[in-house]
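Labels run A, B, C and D following the written order; every chain starts at residue 1.
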Amino acid sequence: MLAPRSLRLASRVLFPAGAVAGLALAAVALQAIFGSPASRVLPLGLPDLPFHARIDALSAFFLLLLGAVAAGISTFASGYLRAGEGQPPGLQCLCYHAFLASMAAVLVADDAYFFMVAWETMALSSFFLVTSDHRHAEIRRAGYLYLLIAHLGAISILLCFGALQAGTGDYTFDAMRRIEQPAGWATVAFLLALAGFGAKAGIVPLHVWLPEAHPAAPSPVSALMSAVMLKTAVYGMLRVTLDLIGLPLWWWGVIALAAGLVSALFGIVFAAVQTDMKRLLAYSSIENIGLIMSGFGLTLLFRGFSMGTLAALALTATLYHCLNHAFFKSLLFLSAGSVLHATRERSLDRLGGLIQRMPWVAWCALVGTVAIAGLPPLNGFVSEWLLLQAFLFTPGLPHAYMNMLVPVAAAAIALAAALSGYVMVKFYGVVFLGQPREARLSETHDAGPWERTGLLWLAAGCVALGLAPVTVISLLDPITRSATGYGIGSHAGSWLFLAPIEPQRASYSPLLFFIVATLLVVVTWLSVRIFYHGRVRRAGPWDCGFPYLDSRMQDTAEGFGQPVRHVFEPFFRITLETPLPLDSRPRYRELVEDRLWYWLYLPVARAVERVTALVTVLQRGRISVYLMYSFATLLLLLLFVR
Amino acid sequence: MLQHFGPQVINLLAAVLLLLAFAMLSQRRILSLINLFAAQGFVLFLSTALVAALTDQKHLYVSAAVTLVLKVTLLPWILHRLIRRLNVKWDVETLINIPTTMLVGILLVILAFNLAAPISQLAGTVTRSTLGIALASMLLSFMMMITRSKAVPQVIGFLSMENGLFFAATAAVYGMPMVVELGVALDVLVAALILGVFIFEIRERFDTLDTRHLEKLKEH
Amino acid sequence: MPIELFALLLSPLAGGAVLALIGHRPRAAEVNAVFSSLTFAAAAVLVARVIESGPLVALGEQLFVDSLNVFLVALTAFVAMTTSFFSRPYMRIEREHRRVTGPGMRLYHSMYQLFSFTMLLVLTTNNLGVMWVAMEAATLTTVLLVALYRTHASLEAAWKYFILCGVGIAQALFGTILVYFAAEKVLGPGTGSLLWTHLDAVKTELQPTVMSIAFVFLLVGYGTKVGLVPLHNWLPDAHAEGPTPISAVLSGLLLNVALYALIRCKVITDGALERPFASALLMGFGLISVVVAAFFLSRQRDVKRMFAYSSIEHMGLITFAFGMGGPVASFAGLLHMTVHSLTKSAIFFTAGHAAQQTGTQLMENIRGLAQVNPTAGWGLMLGTVAILGMPPFGVFASEFLILTTTIAVQPWAAPVLLLSLGVSFAAIFGKVQPLVFGEPTAARLPHPPALVPVFTHLALVLMLGLFIPPSLADWYRQAARLIG
Amino acid sequence: MSAAGIAAQFTELALAVLLAPLLTGWVNQCRAWLQNKSAPGILQPYRVLAKLFQKEVILAHNASSLFRSAPYLIFGSLALSAAIVPTLGTDLPLNEAADAIALVGLLALARLFIALAGMDVGTAFGTLGARREMMVGFLAEPALLMVFFTASLISHSTSLSTIVETIAHRELVIYPSMAFAGVAFVMVSLAENARIPIDNPATHLELTMIHEAMVLEYSGRHLALIEWAASLKLFVYMCIGLALFFPFGIAGGGDWLGLVLALPALAAKLAVGGAALALIEMLSAKMRIFRAPEFLGTAFLLAVLAMLVHVMLEG
């Protein structure tokens, strides 16, 4: 098992086994959501702090998410793996399943030690996966940055657990739940948790590793990281604030909401200007995590003002979006992976027109695009709809100032959702539609059978989550009930209509909506087919009569991002190289960078560098100076002793 | 008569020891430095023998004999042979000039005394007042190692520090148990041999004994 | 005198003598390994006896073994054995590259055995004076080994190592004299008043001011050997310039032994003084060591020198833990000692092998180890990840315990410790990653390296991280109670 | 879900689909009069549709199946949006199925498909048009959503029927927030329907066109469906405007008489609306494409301001 060279064993046996295990996990989790929390003490761990494992509604939901998505990704991975890339397949397979196991362990951990062990094993195994093709320098750099920020995040999480145990020395979560932390320590714990889990989730100031690490990893791994690993950070956040701290303060919600909104806008604006397929999807993960964090902020806000039902609604929206994002983001990452595998090309400027050669991947990607853009029949829309409904109820807050701020927040969320539509049209249009921008794209082949099943499983997930929201909400009900004391599952309307509070207020029925829409489309198609003849003739494109059309006349990815660069100019750090008018070889180059890199990360690195320079003065090599140190220490201590 | 004069003679010997330490601190020439070291060894032998006589401790005689053999004859002979083989006659370069070292030396002596004061009141031994001097001579030889840049003076500084420790042992507690005394003596001998080997190696590799050339291993 | 204790001390001594005669012959490495394994066997039997029948005193109270030093004896013997296995192919390759001559090999093997004898003597002796003599002898034996290659750098390193440690150890002798002086007041003259068991029994009646001054001298003395920061300057040079097995043993074992001696003195001093003067000093020095060593790391260009600084940092952490005192902190300190020795020696094995393959210790020209020799490459990567305190490995377990007690006892120290651990993570991982991954520059070696020890060590550390067997846990708790 | 409701639903749908080209014709008629030109007659759009349905469809070689199915999807979704908006009666069966946010989502779906279809053939104009359409989209959609939010804040519900009922049957109250929302809505509908300030529907001038550029490659029955969908979109926007700001005359729940009366009221309102649209187009000139974001930015700002005004004043 350690490092089997044979590719066949890994991809034909182990990955499908992983997929089946994922399904089994999902089934167990589904059943555990409704059961009462079961906890057990494992023989492993420290002598006086053995591993405690506990599955309650919250962890069962995330286990369900992990199992369902991992099933799809593992089936895809069994067809995706090819020898000769990066490490031997056996090692990759081992790390992959260690990654899955550690994520499951994070979700069931019930004491600080087990949680930290699982948390960093997850980071470590994903690091080895990210740097599986470690011959390129930038992949190594991405891996290093990823593990460094993950480790710093883990440090702040450890400090947060330190603050949570408030001096009792007992690090099991049950103890933390029982003791009533003083407000000061609780705030310190919340802020540390926000920093620690935010670093892993990719909240804006700490997001720099995400667009580097995800593209570097092989596609199934980046799908798994984007879909599930970010959610373990959200799970951690929920576990600490709603479960361990008890009653959160309302202004924590404002901080989380602000962080979420900034991440959402920042992520999507940067996604719009990317020219690398997987970096674009990574930035859009930052946007979706921003939406989830703003939903979480809203939950805290309502919980702070003890408005139970509204907190339940906001929490349902947050969890629903976690599930949706897991499905459609992994679908998009996997389709990008198939494109990458077929064409060996990741930059958008050298793709195009793949819908002819890869219809299966194209249509699954279309489902993903419509879902992520938050458009009605599919699942993206449902969670956005719930989130916007939650925002609409905020004017009921007792705090006057809050009532003003939250509509602005709703506007930002709407803008982010619209922008995600823009980004996804760019992604889909440039990759799949239009003319192929490279000659060799013509002999690409479609995805293999395994990969197709993976993609179809995830696409079906997106459609099902879109069309049956009421059943899913009833699934989320035990969680919201345990976290906020209220649940909206009971009166979320009949199986057909989703009406979270009451029907007059707002109701939406995706199934009816979908049926009527398809009915109308079929009627128009039939009426056109019956009444008028169907003569079709193939000819060259019209293009206003311009004969010499070639593939370079299409819009490139950078061109498509130009309006966003123009509108959101202050977000970026743009360095422009425009050619002189008389330049013999004019070269136009525009480099778009992240300002935060220069404001936060480089100053910290320089500070460490300065301190190091200061400290190395101690070791200048002269033996008499060393003797002087020892002499001085002796004299100092002797003086100090008397 | 022995009981009466004994303590004064020991104090006298302690004073001579301190004087020798100062002399070594201010010495410029290697050969005289080695002779001073031998003298220090001899004084140490005398004091140990005297203490042994005063308190008729059998093992102190043995330790006095060892000191005589080791510190007065063997080590100085080794050092002389070393100097002759390396035909090194140059004077001892110091990092800071002699007057300032002397000043610092005096400060060290004062410090050593008021540090040793509480201990010596408690000491039941007849030679308790010499503890301060022993500590002072140890600190002075430590100081000598720091201020000398050549390898040989550093070695001599290290060995004179061992002498100071032995004198402290006899002054405070009538010498350590036998097995410890022998062990320490053995260690000092082996240390001297190894240092000799090293000095040859350094001389051969660096063709100078100035430790200022031994500074490549550092943080850039 | 129980037979295994006798065998434990005799076999390395005999080994030293035998190898002094036949050290240069090709079969000498195997003999060295045999003797080390014999010592380890004796240590194992001794452990078994001490666990079920409690502490034992031998040779007229000169030797004393309780649960604290028997654990260190076992650890020392085990790592000495695995290092001897590793050094067999390593030294043969060194000899073929003509970096070591015939007599050099003889010196190496005999000194190796004498060195383990001195360490075991320090651990098992009951007499503080003999402990000092053995510690001084340990320095002497390793000084020649550090200068084995006779290069400029190794000579300079050996010279500094000898002078600084010599001076340091001299202070310790003065401290021992003062302890004897204080003990004589209570227990009367003779060897009785230097025996640790007697001192331990009577430590509350010792004179406080004398003991505090004695502890200062002992701290400066043995602290130099442990490598606490203001006194650490010799450590990076000595550990980087010597042959790899010696660096591994120095970094892994000698530091622990020095700290053990310091703890023995701390127990006595804390007994004598009411206020926790000794613990406060240990905590202070430990914290300074962790912080300062962490910032040394990012400027390093030599792989063994970098890991030497990492040893300073970890020894600082262990001293801080023992300084805090209390059952959990001492337990964590002992656990950290074990996992640090195992991981650091494993890292030195792989780093040494990598240096041998590429012919240099500068990290810039070692690349792509995982391509050329996957076991060594992954060994180094896993070792580095373990030493940096990434969870599945035991180092995280002890760091977790240390940090949680720090939060409870000294909350202000926790962020300082964590930040310096973070800085050291950034520095070391940033430098090791290009070593293991990337385009290979290393050449293959004639003899395959003995990397079995590396993976046995890492497996042990992984086991300690996930599951500490109950018997081992009680053993550590007994030892922790002794430290108090 | 009364019988009257179902009847109202079907008549609404049929009405929207059939009358949409008439509305476009009427708007062109008014524009011509204002420019004192003689217009080609109010039924001209129907003749154009009839002609196009007879013509043969010419497809580019690399046009994919998405290109061929896009017109039907666009037409179907816009027809559904027309069915959702309460123009005649408020007791519509589809009301529980989709509310204001779903309507905005549906319009965004239509925009997505038309942009993708534009990019499918891979001509310069197609991608250019798609980029500009999506730029307009990502600024107009949130503005439209904010307009709906203002209305739903007032009526405490996002379902369209409830909004219409609260605004229509309550006593006449001047809502300053609705005033802001109205201005914002007009600006957004101008942008969305490719009217003068953002895009000129009449010309095919390569550099300025947004909507026309995307549908350049369509021909025959596909082009007919796209044109019909465009006029249907204008009709839907008009109805939304009327429903939000002038809902008087829309029948309440279940009374047939109200339904019958609502028809002429709707026709009159649409006529006035069409004329107003033509007037606005005459008074303003086409903006440079890079000024479009500022135009839509102000619309978005006004919409958010409307919400703030509502919270502060009427909160």
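Miscellaneous remarks
The rule is short, and it goes like this: a contact is a pair of C-beta atoms (placed from the backbone, for glycine too) under 8 Å apart; a residue touches a chain by one contact, two chains touch by 3 or more.
It should be emphasised that the depicted structure is a prediction, and the values quoted were computed from it without experimental measurement.
As a matter of contact connectivity, taking chain A out of the picture divides the rest into B, C | D. Most remote from chain D, judged by the distance between CA-atom centroids, is B.
By number of C-beta pairs in contact, the leading pair of chains is A-D. Remark: chain A and chain C have CA centroids separated by 45 Å (rounded to whole angstrom). Centre-to-centre, using mean CA coordinates, chain B is 103 Å away from chain D.
Centres computed as Cα averages put chain C at a distance of 79 Å from chain D. Annotation: 71 Å between the Cα-based centres of chain A and chain B.
Under the contact definition stated at the top, the residues of chain A that touch 2 or more other chains are 616, 619, 623, 627, 638, 642.
Annotation for chain C: residues 159-160, 163, 167, 209, 213, 236, 296, 299 touch two or more other chains. Chain D has no residue in contact with two or more other chains. Chains that are in contact with each other form these pairs: A-B, A-C, A-D, B-C. Taken in their complex, chain C has these residues touching chain B: 127, 129-130, 132-133, 136-137, 140, 143-144, 147, 150, 152-153, 155-160, 162-163, 166-167, 170, 173-174, 176-178, 180-181, 184-185, 189-191, 194, 207, 209-210, 213, 236-237, 240-241, 296, 299, 301. Note for the complex: chain C touches chain A at residues 159-160, 163-164, 167-168, 171, 209, 212-213, 216-217, 219-220, 224, 229-231, 233-234, 236, 277, 281, 292, 295-296, 298-299, 328, 370, 374, 385, 388, 390-392, 396-397, 400-401, 403-405, 407-408, 411, 414-415, 418-419, 421-423, 425-426, 429-430, 433-434, 437-439, 465-468, 470, 473, 477. On the side of chain A, the complex with chain C involves touching residues 3, 43-48, 112-113, 116-121, 123-124, 131, 134-135, 137, 140, 143-144, 147-148, 151-152, 155, 158-159, 162-163, 165, 167, 169, 171, 608-609, 611-616, 618-619, 623, 626-627, 629-630, 632-634, 637-638, 641-642. For chain B in complex with chain A, the residues that touch the partner chain are 95, 111, 115, 142-143, 145-149, 154, 211-212, 214-220.
Those residues of chain A that touch chain B in the complex are listed here as 616, 619-624, 627-628, 631, 635, 638, 642.
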